[in-house]
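Below are the structure tokens for one structure; questions will follow.
Going by the order they are written in, the chains are A, B and C; count residues from 1 in each one.
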């Protein structure tokens, strides 16, 4: 078995090299650059009012878009897994579309619909609201880019487990909501959690689509990624990297949570 | 339509209604705006914008660079998935976790980092000696990062589920490890592998935020397709932007349809 | 669900405090630092009478104009060139005769286009014609999306027309062939040259060049003034549509008028722009070099001509960039 040991080392080596070059190295580079000018510059960048506002904006967007997508994700997953109908493929393709479409297009479509020249633009303005170039526009664009995540995580779980338990509960007299809450929900909770984590990461990090619909108003419609872009454009590259570490930290937490959930899942299954 | 008996009529109606309404508002109406906007152009104008030489070069760049990066990810993704599932070693958890990093990180940060790393002054730029940033090579590198997880995460679950008995059976019939791999394992993994490839590819074509930091934006050379859309938008030429967006959208759509067919095919198997 | 959805539309209104006036100044790329300082000064100036907050949005000049037409609620604009504001005026958002509304044809400061080269100027770049030499890499922003990019183009073209009108277009073409990267905005170009260290020469706004000299910590640059350059006129205007909607007409006009005051002109000069106030200009004269400047109307007849024959789709610009 000596040759297979060799093969094993070879393959592991390739993987480490690959991930090292493409993931580890850039991350280290980012961290190094963030602290290049010392701790003081780093902290100033993080606590700058515009940065904090950008963070706040990101969180607001998350608070609005994630629950909406969550609710839809569950409902839609139930529809696809428990109902039989012919248009299922079309539905699935539609759901995946935002995922594979360019971020630029995701932003463009909302300008087309909500911009002044667009379908709803004038009407919205008459009503006194602002959608595009304001927070609602950012929320909408974010909803668009992130809604497939939850569906795609919950669906396989529902499809893998049959609905015998639901049917049993039905014969025992449970109503729809009880069935959902006591039977279905526990089944999907891991997929749900994982989907929420992924969505949150995406909400915090979305750049392309938001860049088009935000208007770049400093202190008002700049999200964290846009703030980073702005700092870069103002010759404050180190600060740009510093603020990036917030998002890196967030990504890191996301991944840790995912690991944690997987541990819990494994424990609860054994 | 067949629906479960354990949901009341009201709930069933709600589920169907809500899904349709949500999709219409969030997906169908916005996406259809591209069709309508580009239909404002007559056929001739449409073609002159969507398919002029400059656009074609941009499609070519987006297409080829995504293809390359998807290819790189396919090869190394397969190896990575294999290593993570079949082998045990110190630090395995670490590598398994960082694979998802590209999805969790904003594209702009990725662009900033890679742009810096591979510029003339960056560590990699200095190491390799030749100009990487602002060339198609840089685009490929960034795209590889951005769509890295797709292949690995597509293959992993399938590989994990794979019944080792298949391979053992082949071995007992006299096949050596290489033959087993190519005639048993690979065909088994092929659909998942292809799925990952297509996802990686689709992601690369539309990627903007990260690539814009490393592409030179020279027309006919390093201009990516999404940039053309943005430029038209900035010139207030919505119809033109929609025209190019339509081409990209159609392409994404076709890829997705392909993907769905693939998934159905594997389910039948 | 619907309640949830509509409640956050209202939430946006809550971001404003009732007694505060908020103005949005949509400007072009390089003016970030300038308006940051001017706004502070203005807010202080008005603080005794009213609480005013000025918000800023920056980006490529033409891009910003596009966004305003799409619904970005700018109370005032401060853009890189007349054509961008004209575009907005054409759609009725700004009054047709906006240029006359403010002093000096709505130009509170002007600038020009110069070259930024590396320390000791190793490639010996002294004038526009040096930019067409082989083995020179020129950095300039894209004229399609950047106001600065357009000024650079016109400055180069104007120079070559002056030298020999027959070969002018070819010369401009040669220049742009030496451009390895077309960034979308002035600031990105400057970043490319300064941070990324790409290129031998950066064609840039004079104020950007001066800023680069000030800001660059680990590198040294030199500003080279070509034999002639263009009188670059960024302009300002009140966006009538927005101020009528928001009832901020008075404040917006006050804000723009402030740009002509001594305090503002000092800030303008300190940031490397050329103030129109003669006194302040004299005071800061040593920063700038005397240079032969030509106005757009002198060389190109009119802005309409420029737009029609040069910048619009399929015309000279596209020809040159092929």
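In the analysis below, contacts are C-beta pairs under 8 Å (C-beta built on N, C-alpha and C of every residue); 3 or more make two chains touch, one makes a residue touch a chain.
This one's a predicted model, so the numbers in the text were calculated from it and none came from an experiment.
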| item | value |
| --- | --- |
| Number of hops, chain A to chain B, where each hop joins two touching chains | 1 |
| Chain pair with the most C-beta contacts | A-B |
| Whole-Å separation of chain centres (CA-atom averages), chain A against chain B | 16 |
| Length of the line joining the C-alpha centres of chain B and chain C, rounded to whole Å | 38 |
| Residue list for chain A, restricted to those that touch at least two other chains | 111, 115, 117-118, 232, 237 |
| For chain B, residues that touch 2 or more chains besides their own | 230, 233 |
| Residue list for chain C, restricted to those that touch at least two other chains | 69-70, 195 |
| Residues of chain A defined as touching chain B within the complex | 4, 7-8, 11-12, 14-16, 18-19, 22-27, 29-30, 33, 72, 75-76, 78-79, 82-85, 89, 91-98, 100-105, 108-113, 115, 117-119, 140, 143-144, 147, 163, 166-167, 169-170, 174-177, 179, 198, 201-202, 204-208, 211-212, 224-226, 228-229, 232, 237, 240-241, 244, 247-248, 250-252, 254-256, 258-259 |
| Touch list for chain A against partner chain C, complex | 64, 67-68, 71, 111, 114-118, 121, 125, 129-136, 139, 215-220, 230, 232-235, 237 |
| Residues of chain B defined as touching chain C within the complex | 115, 119-121, 133-134, 216-220, 222, 230-231, 233-236 |
| Touching residues (chain side chain B, partner chain A) in the complex | 1-8, 10-11, 14-16, 18-19, 22-23, 26-31, 33-34, 37, 76, 79-80, 82-84, 87, 89, 93, 95, 97-110, 112-114, 116-117, 122-124, 141, 144-145, 148, 177, 199, 202-203, 205-209, 225-226, 229-230, 233, 238, 241-242, 245, 248-249, 252-253, 255-257, 259-260, 264 |
| Chain C - residues contacting chain B, complex | 60, 62-63, 65-66, 69-70, 87, 142, 144-145, 179-184, 195-198, 321-322 |
